[in-house]
Each structure stands twice: as structure tokens, then as C-alpha cells.
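Naming follows writing order (A, B, C and D), and every chain is counted from residue 1.
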Amino acid sequence: MSSSFGALFRVTTFGESHGVGVGCVVDGCPPRLPLSESDLQAQLDRRRPGQSDLTTPRDEADCATILSGVQNGVTLGTPIAVLVRNRDQRPGDYAEMAKAPRPSHADFTYQAKYGIRAASGGGRASARETIGRVAAGAIADKFLRLRFGVDIVAWVGAVGQREAPMPENIVSRAEVDRFATRAPDAASDAVFRAEIEAARAERDSVGGVVVGVCRGAPPGWGEPVFGKLEAELARAMLSIPAVKGFEIGSGFAGARWRGSAHNDAFVWKDGRLGTATNRSGGIQGGISDGETIVFRVAFKPPATIGQPQKTADFEGREITLEARGRHDPCVVPRAVPIVEAMAALVLADAALQQLARESAAR
Amino acid sequence: MSSSFGALFRVTTFGESHGVGVGCVVDGCPPRLPLSESDLQAQLDRRRPGQSDLTTPRDEADCATILSGVQNGVTLGTPIAVLVRNRDQRPGDYAEMAKAPRPSHADFTYQAKYGIRAASGGGRASARETIGRVAAGAIADKFLRLRFGVDIVAWVGAVGQREAPMPENIVSRAEVDRFATRAPDAASDAVFRAEIEAARAERDSVGGVVVGVCRGAPPGWGEPVFGKLEAELARAMLSIPAVKGFEIGSGFAGARWRGSAHNDAFVWKDGRLGTATNRSGGIQGGISDGETIVFRVAFKPPATIGQPQKTADFEGREITLEARGRHDPCVVPRAVPIVEAMAALVLADAALQQLARESAAR
Amino acid sequence: MSSSFGALFRVTTFGESHGVGVGCVVDGCPPRLPLSESDLQAQLDRRRPGQSDLTTPRDEADCATILSGVQNGVTLGTPIAVLVRNRDQRPGDYAEMAKAPRPSHADFTYQAKYGIRAASGGGRASARETIGRVAAGAIADKFLRLRFGVDIVAWVGAVGQREAPMPENIVSRAEVDRFATRAPDAASDAVFRAEIEAARAERDSVGGVVVGVCRGAPPGWGEPVFGKLEAELARAMLSIPAVKGFEIGSGFAGARWRGSAHNDAFVWKDGRLGTATNRSGGIQGGISDGETIVFRVAFKPPATIGQPQKTADFEGREITLEARGRHDPCVVPRAVPIVEAMAALVLADAALQQLARESAAR
Amino acid sequence: MSSSFGALFRVTTFGESHGVGVGCVVDGCPPRLPLSESDLQAQLDRRRPGQSDLTTPRDEADCATILSGVQNGVTLGTPIAVLVRNRDQRPGDYAEMAKAPRPSHADFTYQAKYGIRAASGGGRASARETIGRVAAGAIADKFLRLRFGVDIVAWVGAVGQREAPMPENIVSRAEVDRFATRAPDAASDAVFRAEIEAARAERDSVGGVVVGVCRGAPPGWGEPVFGKLEAELARAMLSIPAVKGFEIGSGFAGARWRGSAHNDAFVWKDGRLGTATNRSGGIQGGISDGETIVFRVAFKPPATIGQPQKTADFEGREITLEARGRHDPCVVPRAVPIVEAMAALVLADAALQQLARESAAR
């Protein structure tokens, strides 16, 4: 279970990497929202393999078809099903998988859990599963933008040992897309590119960090106590394959501070009560405070590498494994639209819940 | 909404800091589990204020009464309701709250969300809300221990700028309780104590990190794709007041590594397939792999400090705020049983879901 | 599991008939709703045993205490926990239960399901569990009345073989309470009373039907396709102990009609589009249409009777069972506030979901 | 929302009657279950229009494609997505719908709820939505049959004024399919056919009753208190378009009985404790008792009839409406596999929940 996410704006994803296709059903999208396949495609194109010289050469157009819930370019309020057919499959690349679980992949645990696993590719653990999320996130994104003016942007904040400085004026998706690395500035792009190319040259992989911001969310979103906005964001981000950490606002650095320095004093600004600093990351007590929501997501280096690896097969015999599939040396550039999608899904759900409450208490 | 957590082992907490009391209802606990109030009290005592010279002097016995679901020392399989009455209330301490929202507290956001907030104390945003979680977690903990031999232990891994080394042999709760700081070793205890006492002396507060480990979980727990075990842990931990970050396994550090160094090779050990290293933190593809689950949780410094703070009132007028309530200079020692409780709730839920699947596929 | 009901206006009940007490937690009640214990007590008093000469002599004041979520007579938007302590317990009355499962009671199935059951009384299967529902329903009821002017009334439509005619002008709760039988008119009261007294005289019991109406619900409530308003009402009513059937609008009689006679033609009335007839029972396609919602609920005769019954014990040995507990010869008069409570919980939940959608699509 | 059903065996349906297609996603089906498209097609063929001379001439092959979750004829434990493309669409038949809401259809309420509705056909309110249910139900059905030997059969128990006697030996699906009316015996088939043909001759429609039985469910399925097995069945059945009533066991007739006659005495039979009679309908206290589960479902006459109807348009102007679409004069024969599907979904979910509990309490 748990291929579903969200209470009121709810997405269910389906599909294996090497089956008929992948997709999603979005239930709870408000009616009368202008929506077309091109809204989905824009973000799918930012996620798809083969989009730049830094990604896997596995080439998939990842073309989305809306099966239901939209008519004459407008949502009906009914479930929106989206299908993206798989195309460039090379099951042969995965022949070795049958014998041994790939290190730091999900082969072993899927086998342990289900007593069976997809015969090729990563099945549901493949990054292809995120296609359904990106499609659903694009719908949530459009709702948030049109109804509330909420703007969600993510970029690559670190690759391997190298970090990009936090941009002074937070960038737009178009600015992020100037660079194949999705760095926030040209200097960072250069060092990130070097880091990725070095890893690839060594038939290795490298991790990184994606930074996400959400601007324009009004105060009041997020459901205490277990549905805190940062809790839902954390869950959303840790559900993305390869993610190992999440921080909101000051994050782990905040744990090193004194309270007197960390506290966000209130000030009057832009005609409303705001905070002078934003260590809280736009959320206090689990509820948005009207400041920019800022978070960071850590991605491990991709587990599939070109180098031979000593490991063991299912019976525990030592073997040397060599991958033949096509893979990204670094996933964070392509992870950017996935992080945006998950953030949009979290915020759309929180928004709907708060709308119900506000309207009920009127 | 969202005072509930879990799908099959489900807890709902209730209660404000300054009302009749706080508590929880646990629905889904298996029947015939030996359980008494003393099981709950043991962990509540580790959470309660006034337990050492390092915590708030607010003194609450936090005595738990089981209202339902248990008979003759055994669970019935029906909802277990637990009530802890509030006692040592000093609403007067919070008079200033009416005028101005406390910086980095939830006063402002609760007011924005609900158009009303508890007149004194933090209401649901108070750390007292976690009493219900600790009581529920103690039940989950007992189930996991008796049915699976799972052992969950947390300790303080950092206070402010100071970090404790990862203990070679992972400690027990009894060992953790040797020190009021809940450090894993005597040397760390000394530096943590110094850090906390320094903050208190300056009428300030300081943050920290709690490390948690779960030993004995079999391979197969966790629900792909949105219910990944690390995603549920992340959500659980970020739902604890004052938490700003979560890491599983290698965490943010892992983002800096190369894949060749990061991957966990498989090896045969203890009669089953395991991994030589554990950067994955006991979870691969969202599913437990049989290794120890290891995670870290960042807590910000408590927002309430004795120093006067410049801030603004609800109308935006600059004011200087001085807290009069009684508070911890550092929350992490008392956060240890809360982290354990949330981990237990996540694992118990994952365990029940996997039991259903395993039994169904037989 | 499943001691919870509702998605956005969510109640969880707890408590056994012969334990410390019974109660509920309501999560999702809008903030700033005027609410006091007397709102709950009014409906609890209509449900409590011993209220008239026709009910069980088991005497319980069923006094409700609000533990959380309300302050200064107004809801906070946080969980509202309610506790009603048990008082008049006579465990000895149930000594025979240990040996043999009572016919048409839940003793056998609880034992089969949980491998254990409450040692006395019906445990969770007791009608006392409905106290939590009535308390929660009173909160939902107040929300619906104050926010939407929705008015929910139920009455006894049949006792045994005798049916009351459908009242021309639908009655109020005060009118229903004129008669201990909760018949809608004096003539029906007389025949219902005779039927109940005859059953009691023979140490027997008798079934009946409760009719419920909800006036004032606007068009648009109910969630297609599985959350149809009549589906949620059906589930709510069948979850009440002893209920064996549910009808909406024309119900089973409607199955005998021709479409040309059954269809509800649209007409303009009261300044809006309505229907000339109401076979639909106020719901079309799972969504309220603005007409009065009308439904009927069938209750079987209480299983506990004073006559000796031939049955078998847990080992299958033939025995003769004689009940010694105190019981109602007919439950429908006391079931009236329970039916109203469940209807209110269904409508409050549907209302909140529709408010979210309407507000989102704006 | 609420296009999803079930907690552990969870189906989400999607699709409008006149869009690309309809289908479902089943999440939670156990892994390693033998499954192919022919399993689904068998029940879809029993539901499809045009299967006999008594149904609508709208001809749809309703061919199911499995998009995910199955590999080499076995389930993977991951979401199973199924798509059935729409083919025989005649949007022109529905031109009148734009002007006026059809009586006793969902046109008015969908418009009221969503502020928009599908331009042709019934959208989500169409009976085509049930295709997703039947596909999902066929999966649940196979799980129940292979894992537990549970056998679910439904038939037509009444058409209009005519009722079939309860068959002595409960029939199989093959026996039910001997007659286009899906009557349980030849005599009933004749009277049902006459009733349907009479309605059709008068360009009218007629209602009916479907009877369902589930044999082989062990004691212990069903979740007190709100998830009682009869409550979930009631909700499932009332969620089917055109259903107006539900009865379990003795149902409304039971409300007329005395307890002494109604109670099901326990007896030893077939090596276990059972009941001599079965007024309870196989469920006591919300939990299956091991007897055959028996229920009845009332369907109103189809709202679409060939006769002209006086009604009003959206602006309240009186008009005469004449339907031009192709429709069934009586839906109950084709409703039989839908009722079976919903019963299977309810039981599969209850089974998984009970497996979790049983296994946990071991």
C-alpha cells in the first residue's frame, strides 16, 4: 500500500519502470481549473532522461496523456488520470539483477517484502515512478499559482563537496534552467559541472542537495500536530528515491545556535506582521507564517555505478557486479522538478484543508 | 485535523497545556498484549519536567490513567484511551502572550489559522502535547519488543556546537539514563552539561541533536512509494515541536560522497544476507533491510528565553518581550523518549501492514 | 481498528461498557463554535437508560466532561475529548457469559476475532459505546445548525408490526419527546406503547424502525463515487448496534416502481430549482439536491430477553441460557438521538469537504 | 474526492462515460497472486451493455488492459492499474442535457457541486464508472477465492412487483447466468422477463432487488465499531448508482419480529460453533460469524425512460424532456457483477485487516 499521498488533494501513482507505462490518478483537484497536457509536459520535460549531456542517455519522450477529469481544457472536479507509456526498455541490461541484489538498491528489500520483484529495471523503486508525481505535482502547482499566487522553485544547492551560495534574490524556474546542472548561478554551475564530469569520468556517481522555496503561501497552512507543514514536507521529500535528509529553515545548523540568535523577531512589513529573519523557514508550530518556505533535501550518490563492485548474491556467495544499464552520474539536476512536485502536492493539500476550516468558521 | 498518526496502529492525541489534561487514544493495538499503566509511566517519567537539574522546574507528576482497552493487565484489541491530568498551571506567567506573539513560537500562526488560540500556555503547540505520544509510543514499543524483539533507543548526539562520537556498541536506555544530559558517554555528558549550563547562565537556550536507533526490525517493513519507512520516520520526527531536520543513515553527509564509497555491499552474516556497511541506515528503497535503523533529529534552541527580546505585538508595534514562564534551556534530554515514541509508532504501523501482506500472500 | 469515523470532521470513540468510562475525541471541529457540556448533555439525556418507564432500569446519569478543545465556551479548532464515566455496573449479572456466547450477541464473534473479550457487559459491542457518538454528534449538530441552519430530527416510525404514518409536517425534537415511545403522533404512540409493553410482559423484545430527516442542507454535499451521501449515511446507520437495514428516499418500495412514476420532476420553488416529489430522498447521484433528506433505519429486536433460550456453550454443549442483566424491551426510542448523531456526523463531514472545494474553485 | 474505497485493499476508479476511458488502480493486492486480464474480463463481460436482448443496445466490448502491477501472470504487490477505453460514444444523444437537468439524474447536483459537469453522458455518475469497480472486484474476488475459498454470488431477487423465492441451495454464478434476467430459477426468470419487457414496451423502466451471498468467510472479519462488516457492505452497495436500500440478514422484516423468534441459537455443526438459523446474515456485532453472509440491495427504476417527461430547465422554465440515449429498461441483471465486485472489495479489505491483527497477536 501507500502509493497514495495527500488527504484532500490526493495522488495515487502506478507503474513499473519496464512495464506498459507509469502514471497517476489525482483525486480532489478543484473543478474549473484550466489544465492541459502541456502543463504536465513542461515539468515532465525537465525531469526526463536525455535532456542534457549530464544525464543518462536512456531516452524517453515521457509523453503524458490525460485519460479523465479534464474537458475542454478545464478540470471537472473528478479524478484526473494520467498515463505515460514506457518506450526505451532494454531488459537485457538487467540480466545480472536476477542473480544478485545490486548494492544500495531496492532489489533485496523488495524481494524480502513481496517475495517477488520486477524482473528488470527497478520496478516501483525506479526513478520512473516519479513521473506520476511530476505530472500530479504540475496540477497542484497550477492550482496553487492560479488560486493563491504561490510560486515554488527548486535548484541544486550542492553537488558532492561543493556548495552554491544561497541566492540573494531567489531565482525562477527559467533562471534555474539556464544551466544543465540547475545551479542557481554561473559560478556554481561551473563547479557542479566539474564535479559531475569527474564522477562520470571515473565511472562513479556523486550526491548532492536540492534547495526548495515556496513563496506566497499565506499564514495558516499546515495541520497540527502530526500534519505539521514541515512534517508533510519531510515525508514528501524522504519518499523520493535516494533522499537521505531534510531540513526546514535553519535545519541542522540551527541545532548549534543559541535561542537569542535563532529567534525570528516579529516586525511589521508589507502591511502585515512578518519576521525580521527566517530561521523558521516560513513555518512556526507546523503552520505557515507567511514568510518564504525554505528547505533542503539531501540526495545520496546514485547506487548504480560503472565500476565493478564486490558484493554477494542472494545465497551470500561473493561476486563482482558490473552494471550495464544507463544511469545518471548525479541525480540532483533531474530531481529539481520532482522536489517541486512534492512540495506542490503538500501545499495544495494543506491549502484545501485550511480553506475548509476558514470557510466553516465563518 | 491531523491529531492522528498511523494507518493500522493509530494514535490520536488531545489536550492543551493548560486545560483539564492531555492524552491519547490508540486504536489498532493487537489484543492479548500484556500492558499496564507502569509501562506508560516509565517513559512518561523520562519525559516529565522537573526530572533533573537541567530541565524546567515546572513540576508535573504526569500520572497516566488507562481509561479503556485493557482488562486484567492485557489489551482487548479495542481502543486504549489514556488521560494525564494537568496540575502545575500558572496561567499568570503567560499574561504577556495576549498582547504579542512570542518570537519563534506558534502564537502568531495559531491565531492566523484558527482565529483563536489557547489563552495561556502553548495550547496544542506546547510540548505537553507530546505526553499523549509518549504514552502511545510506550504501547507500540511493548508490542514491538514482545512480538519481534525490536529494541529502540535514542540519546543526545549533540548540544549546541558540541557533538558526541557515535558509540561503538550502541547503548541501552539504562545506559543513556546514567546522565541527565542523556549523552552516550561520560565525556560527552560533561561537555553537554557545560553547554547547557552556560546557556542557562546567560538566560539563553541551546539546540541539539537526538540520535535514534532501532535494532531487530526484520527485512520488509515500510510501504513503497509514499509510505517509505524513512519518509514515515521523517514525518514523525518533524512533527515533534522544535525539530528542524532529519537524516537517515549517511544523511546530508552522504550527499557529499561518491557512489563507490557510499554503496553498502552485501555480505553473508549471522546466517542471512546483510550489508558490510550501513550508510543506508537500515532502509533501502523505503523498506527495512534487517540492519540497524539509524537516524538523527535536529532540535532548534527553545524559543522561550529569559532575556528580553525586541519584537512586535499583533498590531505591529515594537515592544520588548520578557518571558516569565519556566522553561528548559535545552530540550534534547527530555526529547529522547519522545523520539523513541515516534519511532515506535512508525515501526508498529509498518509491522502491522507487513504482517497483513505476508499473511495474505501465504 | 475503525473506532474512527469521518475524514474532515472525525470522531474516535473509546471505552467498554464496564470499564472506567466511555467517550470520544472529535478532531476537525471548526474553531470559534460556541460549545458547552450542556450541548452534549441534552442529547445524552435523550439516549440514557432509565429515562422513561419503557427503557432498561439500568440507571446512568451519563454526565459528559469536556477534557480539551474548548475554552471560555468556544471551540479552539483542536481535538475535543469527552469523557463519560461508567457508574452503575453489576458485573455479576454477566457471570453466565463466561461460559456461553449469548445468542445474536457479539460474544462469539469478538472472541473469534480478538481471542479475548471484555469479561462483563458487551465491551465495545455494548450500546454504551454509542455515548461517544451522541456526544460527538451533538457537536456536529451544533455546527450544522449555526453555520447552515441544518435541522436533523429522527423519530420512531415503527415498532414490531405497527407503523406510524409519515407526518405531514415534519416534527421537531421537542414534539418527538412528547411521547416516551418517540412516536410522531399520539395515535402511533398508543400502539407503539402497547407493542412494547406486550413484549416486556412476555419477557420478550421487539424491533422497530427509526425515521430520520435532515432539512436545510444545501445542494452539493456528498462525494462521488464511493463517498456518496447516501453511502455514508448507510454506513453510519449500519454501524449502530442492532441495525439490519437502511433506506434512502423511496428505498425498497422504490424497487417496485416504474421509472415514469418514480422520477422526481424539477420545478421552480422558493426561488430555486427543486423537485416536485422526493423519491430521491434529497440526494441525487450521491449529492444533496436541496430537498429534505429522508431515510429509514431498521433495528432488530434486542437479543437479550428474559425468557430462557436453548443454545450452545463455547464447546458446543447444549445449554439453556437465562439473562439476568437489565435491558430494554425495545431499543428504538433510545436509538433516536443515536441516529441523529450519526446523521450529523455524516453531514458535517460532507459539508467541510464541499466548503474546501467551493472555496478552492473560487 | 472519494473515488477511493478500502483501507488495505484499496481501489481508486477514474474516468467519465464519454472521455478517453474508465479504469481503476488497485493498491494493496497481495503479491504472487496469479492474475491475468481474462480474470477481469469474465466479470466485465457480465456487466457490459449489449450482452442480451434485455439490456441497452449501446455496444461496448469493455476490453480491459492491465497497465502495471502484474508480471508473468502474477501480481507484484504493487499498484495494479487497469484501463478500459470508451468506444461507442454518441455525444449527440445528450444534446438536450445541456439545457435541462434530467429528472432523478445527477445533472443538477453535479452542476451544483462542481459548477461544471461532463458535457455528455453522465460523467462520473454514469454506470460506466462501475467498470473500474468490476475490474477491481474481480481481483479481490480471486484473492478471496484462492486464499480463503470464499465464494461470492449475487442474483436478481425481484423485478418490480415480482419476487423470486430464496433458493434452497444457493446458486453459482454459472447457474445465475443461465437466464438473461439473472433470476435464481426458471419460474422467476419468466416473470422477471415479462416485467422487464412490459416496461420496455411502454417506454418505461422498472426497479428491482439484487440478493448477494458470501460463503466461506471465516469468523472474525469486520472492524468494530464504525467499520462493522455490514456497515462497509451497506456503504459499498449504496455507492452503486441507483441503489436506494440495503438489508443484512433479516433486514427490515427483522424489525417486525420478537427477539425470542429472531435470535440465532448456537449449535455445534461441521466441527465448529455455528448458528441454527441465520437472521443475523452471517454477521454479529459487525464481525463475520462463519455463517453465509446474506444481503439484499434495492435498485430504483432507471431514471432515463423513453416517454416524454414534464420537468424544468436550469432556469426553472417548464419543459418536456425526451431521452434519446440508449438505456436499460431494468438495471438489476447487469448490476449483479457490480454487487459481487463491491462485496469482494469489502471482504478483501476486512480479510487483510484481520490477518494483520491475528498475525500480530500471535
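Methods note: a residue touches a chain if its C-beta (ideal position, glycine included) is under 8 Å from a C-beta of that chain, and two chains touch if they have at least 3 such contacts.
Remember, predicted model here, so these are calculated numbers, not experimental data.
Chemist: Computing the C-alpha centre of each chain, which chain sits at the greatest distance from subunit C?
Modeler: A
Chemist: Whole-Å distance, subunit B centre to subunit C centre, using C-alpha means?
Modeler: Taking the average C-alpha coordinate of subunit B and of subunit C, the gap between them is 39 Å.
Chemist: How many angstrom lie between the CA centroids of subunit C and subunit D, rounded to a whole number?
Modeler: Averaging C-alpha atoms per chain gives centres 26 Å apart.
Chemist: Centroid of subunit A to centroid of subunit C, CA atoms only: how many Å?
Modeler: Measuring from centre to centre gives 45 Å for this pair.
Chemist: Among all residues of subunit A, which ones touch two or more of the remaining chains?
Modeler: 1-4, 7-8, 13, 31-32, 77-78, 113-115, 124, 224, 353, 357, 361 - these are the residues of subunit A that touch more than one other chain.
Chemist: Viewed as a graph of touching chains, is the assembly arranged as a line, ring, star, complete set, or other?
Modeler: It is complete, because no pair of chains fails to touch.
Chemist: Which stretch or stretches of subunit C touch subunit A in the complex?
Modeler: 7-8, 30-33, 77-78, 143, 147, 224, 351-353, 355-362
Chemist: Help me check something: in the complex, which residues belonging to subunit B touch subunit C?
Modeler: Those residues of subunit B that touch subunit C are 1-4, 8, 10, 12-16, 19-23, 25, 27-28, 31-32, 65-69, 71-72, 74, 76-81, 83, 113-119, 123-124.
Chemist: Under the stated contact criterion, what part of subunit D meets subunit C in this complex?
Modeler: 1-5, 7, 13, 100-101, 103-106, 108-110, 112-115, 122, 124-125, 129, 158, 160-161, 199, 202, 204-209, 219-228, 230-239, 241, 243-252, 254-260, 262-268, 273, 275, 279-281, 283-290, 296, 298-305, 307, 309-314, 316-317, 353-354, 357, 361
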